[in-house]
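Report on one structure; see the data block that follows.
Per-chain residue numbering starts at 1, and chain names A, B, C and D are given in the order in which the chains are listed.
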Amino acid sequence: MQRQSDRPPITVGILGATGTVGQRFITLLSVHPWFAIHVLGASSRSAGKPYATAVNWKQITPMPSAVKDMVVEDCKPEAFKECGVIFSGLDADVAGDIEGAFRAAELAVFSNAKNYRRDPHVPLIVPLVNLEHLSIISQQQALHSPPLKKGFIVTNANCSTTAHVIPLSALERKFGPIDRLMVTTMQAISGAGYPGVPSLDIIDNVVPYISGEEEKIEWETRKILGGTADVEPEQLVGEKVLQEFDMHAHTPLKISASCNRVPVTVGHMINVSVKFSRSPPPSPQQVCEALRAYRPSAQVHGCPSAPVQAITVHDEPDRPQPRMDRAHQDGAGVSVGRVRQCPVLDIKFVVLADNVSIGAATSSIINAEYAVLKGVVR
Amino acid sequence: MQRQSDRPPITVGILGATGTVGQRFITLLSVHPWFAIHVLGASSRSAGKPYATAVNWKQITPMPSAVKDMVVEDCKPEAFKECGVIFSGLDADVAGDIEGAFRAAELAVFSNAKNYRRDPHVPLIVPLVNLEHLSIISQQQALHSPPLKKGFIVTNANCSTTAHVIPLSALERKFGPIDRLMVTTMQAISGAGYPGVPSLDIIDNVVPYISGEEEKIEWETRKILGGTADVEPEQLVGEKVLQEFDMHAHTPLKISASCNRVPVTVGHMINVSVKFSRSPPPSPQQVCEALRAYRPSAQVHGCPSAPVQAITVHDEPDRPQPRMDRAHQDGAGVSVGRVRQCPVLDIKFVVLADNVSIGAATSSIINAEYAVLKGVVR
Amino acid sequence: MQRQSDRPPITVGILGATGTVGQRFITLLSVHPWFAIHVLGASSRSAGKPYATAVNWKQITPMPSAVKDMVVEDCKPEAFKECGVIFSGLDADVAGDIEGAFRAAELAVFSNAKNYRRDPHVPLIVPLVNLEHLSIISQQQALHSPPLKKGFIVTNANCSTTAHVIPLSALERKFGPIDRLMVTTMQAISGAGYPGVPSLDIIDNVVPYISGEEEKIEWETRKILGGTADVEPEQLVGEKVLQEFDMHAHTPLKISASCNRVPVTVGHMINVSVKFSRSPPPSPQQVCEALRAYRPSAQVHGCPSAPVQAITVHDEPDRPQPRMDRAHQDGAGVSVGRVRQCPVLDIKFVVLADNVSIGAATSSIINAEYAVLKGVVR
Amino acid sequence: MQRQSDRPPITVGILGATGTVGQRFITLLSVHPWFAIHVLGASSRSAGKPYATAVNWKQITPMPSAVKDMVVEDCKPEAFKECGVIFSGLDADVAGDIEGAFRAAELAVFSNAKNYRRDPHVPLIVPLVNLEHLSIISQQQALHSPPLKKGFIVTNANCSTTAHVIPLSALERKFGPIDRLMVTTMQAISGAGYPGVPSLDIIDNVVPYISGEEEKIEWETRKILGGTADVEPEQLVGEKVLQEFDMHAHTPLKISASCNRVPVTVGHMINVSVKFSRSPPPSPQQVCEALRAYRPSAQVHGCPSAPVQAITVHDEPDRPQPRMDRAHQDGAGVSVGRVRQCPVLDIKFVVLADNVSIGAATSSIINAEYAVLKGVVR
């Protein structure tokens, strides 16, 4: 991607800039066509130091030279007030307060943290799925005390949720609602951040448990795949009717998630099995076609970080695989393989997603790109 | 285990003695209280050489000194005619003919190979589950041409099937038939033998496919968990009614298996979800109790290689794990953890089994022990 | 090993009992023929809790049932005053003060920590090498203020130092002093304790640096392989002449160590190259014979935890290997292979040592066994 | 790199195109500015099939679309006669005959195989070191029977040799000849090709032996770092004096190599220690400066695949590392770190090289680029 010269860049700030997700934001944004890194925020331990000194750089590409000498700021809104967009890679233990303060200061926050994902007025957006949920922002602003003009928070999903909702969205658009869903994950260690998983726990091993992860998948999937609906009885917010996320209420969606950590650096592999509401269900062939044809709004509207192919479907029986396929399209799409009938539900397949790209930083960035295109970010 | 002196040892031969399973047989049998290694058989490439020269020893315990100088024989019945028991770790491409010839030569063959698993007169036995299937042997002998007096073949199951049928057997005995079953495996590289999986395919990777494995799990599980029934219309074999395996016919069992290879040396991890026929289903607490209380025939009748505890149930949320738990009881039992409700089926849990012990050689050995106890081996 | 009944067990206390080394002490001592675990000490965070609750058990064998309900004590001498032996697996940041206090309280401390290794009156003992350095203890006690009757500290070496000094000791005894030594280590992650090395730092990776390790190897090797000598000019300690460690002064030993961390769970592999003082140097064949014949004092005097074979020499060109050979003799000996001429120095070979057994807890235990045999522990 | 339009592309053929090195050639050459893939050769098993069918693609970037439908040819010169350059990734068991036949057919062969590396008339070239050895080609052609006009063979070095000779070359140019050299390698599994190292041999393990590798390093290093000299007594080849490789004869170079395989996918790590002829030796600081300033002919003359920085010197104490640094400059340069004094020799440091790029295919390509620039390829 080349920086485009026909409009001034949008200045961005990065919260949690020294962390794993923050480093990924810097890597991606340093070559972004629209956004220019303006401020880096981190804990008071890092504040005041040049970024190169404050960070323990863990990306496999070198640190962009433009940020090396930037002095890290405390995560307080004052230093970020000229930023058109704030990206947050903050840890959950501090993200709630800081992101809230940034929103109150009329800043547009795109967050990877989990703190606001369940807020009824905050959209939880996987950018290849439900960008239309951005519409809830006006309500979020109107209900804020005091009401906001420009500030808001948008969250993106857990890295494992992101992987399977993309193909599921493609299937629901084509074949109608899914009724039941079983997902078994094999998640990469990078999903736990740094230092994250101790090596003694994972080399030559599988850990069949990730704290809170199964519940997140079961809950987030419903918010993302569901729509929005008028609250009953109707309540007005200004002149609009108050909206709520319907949590896939039109078809109660039963979800069972089982999460495992495996010795893979990057790339979440997920075994998915689904039962459709409609009968008969689509054939594996029809499912493959629908996945390949899926063209989400981020592509249609030209978000520069959206992948050319949202879902790459493999015909080889043993693909996708994390090491072989995670880097495809810089990790901005997902890969699907082994689409076949499920003897218990209807259809089963595997999904691979780059948990640090589409599963984290890339999602926030595409969300922000779409918000710019739609004028939500001004 | 100490060799017992109150009866003469039963001499055993090992087919495929230089292979991975053969090496495991040697390791286990060299300290067995009943069995004494008498002949080692391998391919003509190895025949005539001292075992220590012929083998590429890959066990993590040293080669037992008693076998080092044994001269490897061709896999022909003549050299094995004094063996009371034959253990076969042969590869599938040669096991069919060789095991058939050994049976025809009135030898008792306990095989890890897949070739005879689907034979309607050959029992497929997981020793902590369905030892009673040994009863089909008299029919196997009577129908052989010419009829056999002592020769027969007993097979044990695929290493991944073995893992989950043990807890499922415990559950069916306590709570009645299972109706639906979803299993997602994360299988160790040792399951593929040696050289097996190339390291470039599996380090920092997951391969979501193992050729033929899912079909084996779906088929074998039904044969193992099912019973035997009179063939209709009745046909006599001698004075007995011809029996057939009913393949869990009393409750058609829907099974969906998804198999993955992970970078683990030993220990298959399986995520299992089941739906019971009965309603309401048992609670997780009741399931845990049933698993802990499970006491299969191999224990009741005193097979020396049977584990003290068939199923070890973990209370910690993140156990069992391959590296931590596979060596428990020398891998002769299985470990279960994370027993909890499944939002789509009824109950889900994880199982860990040592694929080279209870998943392979240990199974054959317990099967043979039970056959000795029951007088099937004479 | 069976507990021997002909004398009362020696009660032992374990400091740092919840840590990695502490867990190993418990595992080994729970089946020790002489020692009986009496008190477990850990940080104030754990004190007062049953051991099973306080610990995050990371051994691959189950927690011995005898310690599960033992209430963890603070690391203060009062609770340990009846212990004949104290084993310390404390971290270096607290070991200095605590071990000093225990010594002052007349307790016999065998420590894995590095704090006292360079103390001129504290022996640094690799039990298959320099048990005779225990003789310095009387001087340590006499110089203490106030002088001690029973209290002392004995340290054992860094896990990587331990590996190579064992074969080097065998070579020096047979062929005279070594003049130059190059060691390149490939060290297991367990050497860094738990949580230790983050998995993101080591999967599919090598880290060519371990803080402080190269200096430790270069310094400790001289203290261990060197002897003791009268201080000049003579000073008396009581009626004895003050002794000092001569640091291999008779032949100034040049040592160059390069340390690397590799993705191996247990077992340090070391590439060693040596130049002897004598010329011509011994041949590879002579070196192999000397290594195989090596019989250190711990064996001669019957320390129960000493290995039967101190140094196992492999003839196969590709052995030893960590996964295949680390468990040999429960990790109490070392394995050597690839003994051959070095075109730059004289002889080169590889050494494998189990860094958590002979490299840590087993060393302390043999040191204590020898101290019991010699009457140093009373 | 963009294909340049100001001259017609040079057509190239690739021998062993389905193998690991062949795939890497295809990946690199499909975007090369000068070379255009014209013919793909492989064994008769693959010949006649479309490349996409014949190959088991193992690169982490997708197969270039241009080669998918190319029909694979037998490795016979006829099909390659229009190729200006032949790249060979053939296995050693067939490379000798095939490459010889291609040379005899007046083709210019750049080979990764070891077969001709020791031929006294074939240059063994690491392109960031000794491109001037190409001068021996005219002699190779003149001595061939019959003499050749265009055909020749150029080899590049073993992947582990390549890594350390680059910094050593920089040091010799600046500080004069090296006298002694100790190298200890930790080599990636990809160095063994595919299927290569069985996963059971390397997960959680180190193998301290690679067949033939140590001897290769010790021999190849001398040929590469040495010069060429007139044969004594002088013999004429045409009008020139016969040349021979002097094998570093001006300073007999003692080399001791120890080779280990580690569980790393790509990237050989090497611990190097050197003694210079000159005294006093350069300081670590001077060594770092010389390495950073090194500018080999491939850069000076503008080979398009040469790295911008031949040797990247790291200041961080724990770098380079394979996973973090191997992809730098697409693996065309090498990384050096931990430059420090060696207590036994003079200076020690670590080197990291991408064994499939500069250690294999990239070397051949730069060699060919330079041959084009020098008019050796016509």
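What to note about this one:
Here is the rule we use: a residue touches a chain if its C-beta (ideal position, glycine included) is under 8 Å from a C-beta of that chain, and two chains touch if they have at least 3 such contacts.
Fair warning: this is a prediction, and the values are worked out from it, not measured in the lab.
The greater number of contacting C-beta pairs, out of the two interfaces B-D and C-D, is seen for C-D.
Averaged C-alpha coordinates put the centre of subunit B at 50 Å from the centre of subunit D. Between subunit C and subunit D the centroid-to-centroid distance comes to 44 Å (mean Cα coordinates, whole Å). Contact of a single residue of subunit B with at least two other chains is seen at positions 58, 203-204, 263-265, 323-324. The touch graph of the protein chains shown is complete.
Against subunit A, in their complex, subunit D makes its touches with residues 58, 60-62, 203-204, 265, 323-324, 327-328. The touching residues of subunit D, when paired with subunit C in their complex, are 180-182, 184, 186, 203-209, 211, 218, 254-256, 258, 260, 262-265, 269, 271, 273, 317-324, 337-338, 342-345, 348, 350.
Put simply, subunit C touches subunit A in their complex at residues 58, 189-190, 194-204, 263-265.
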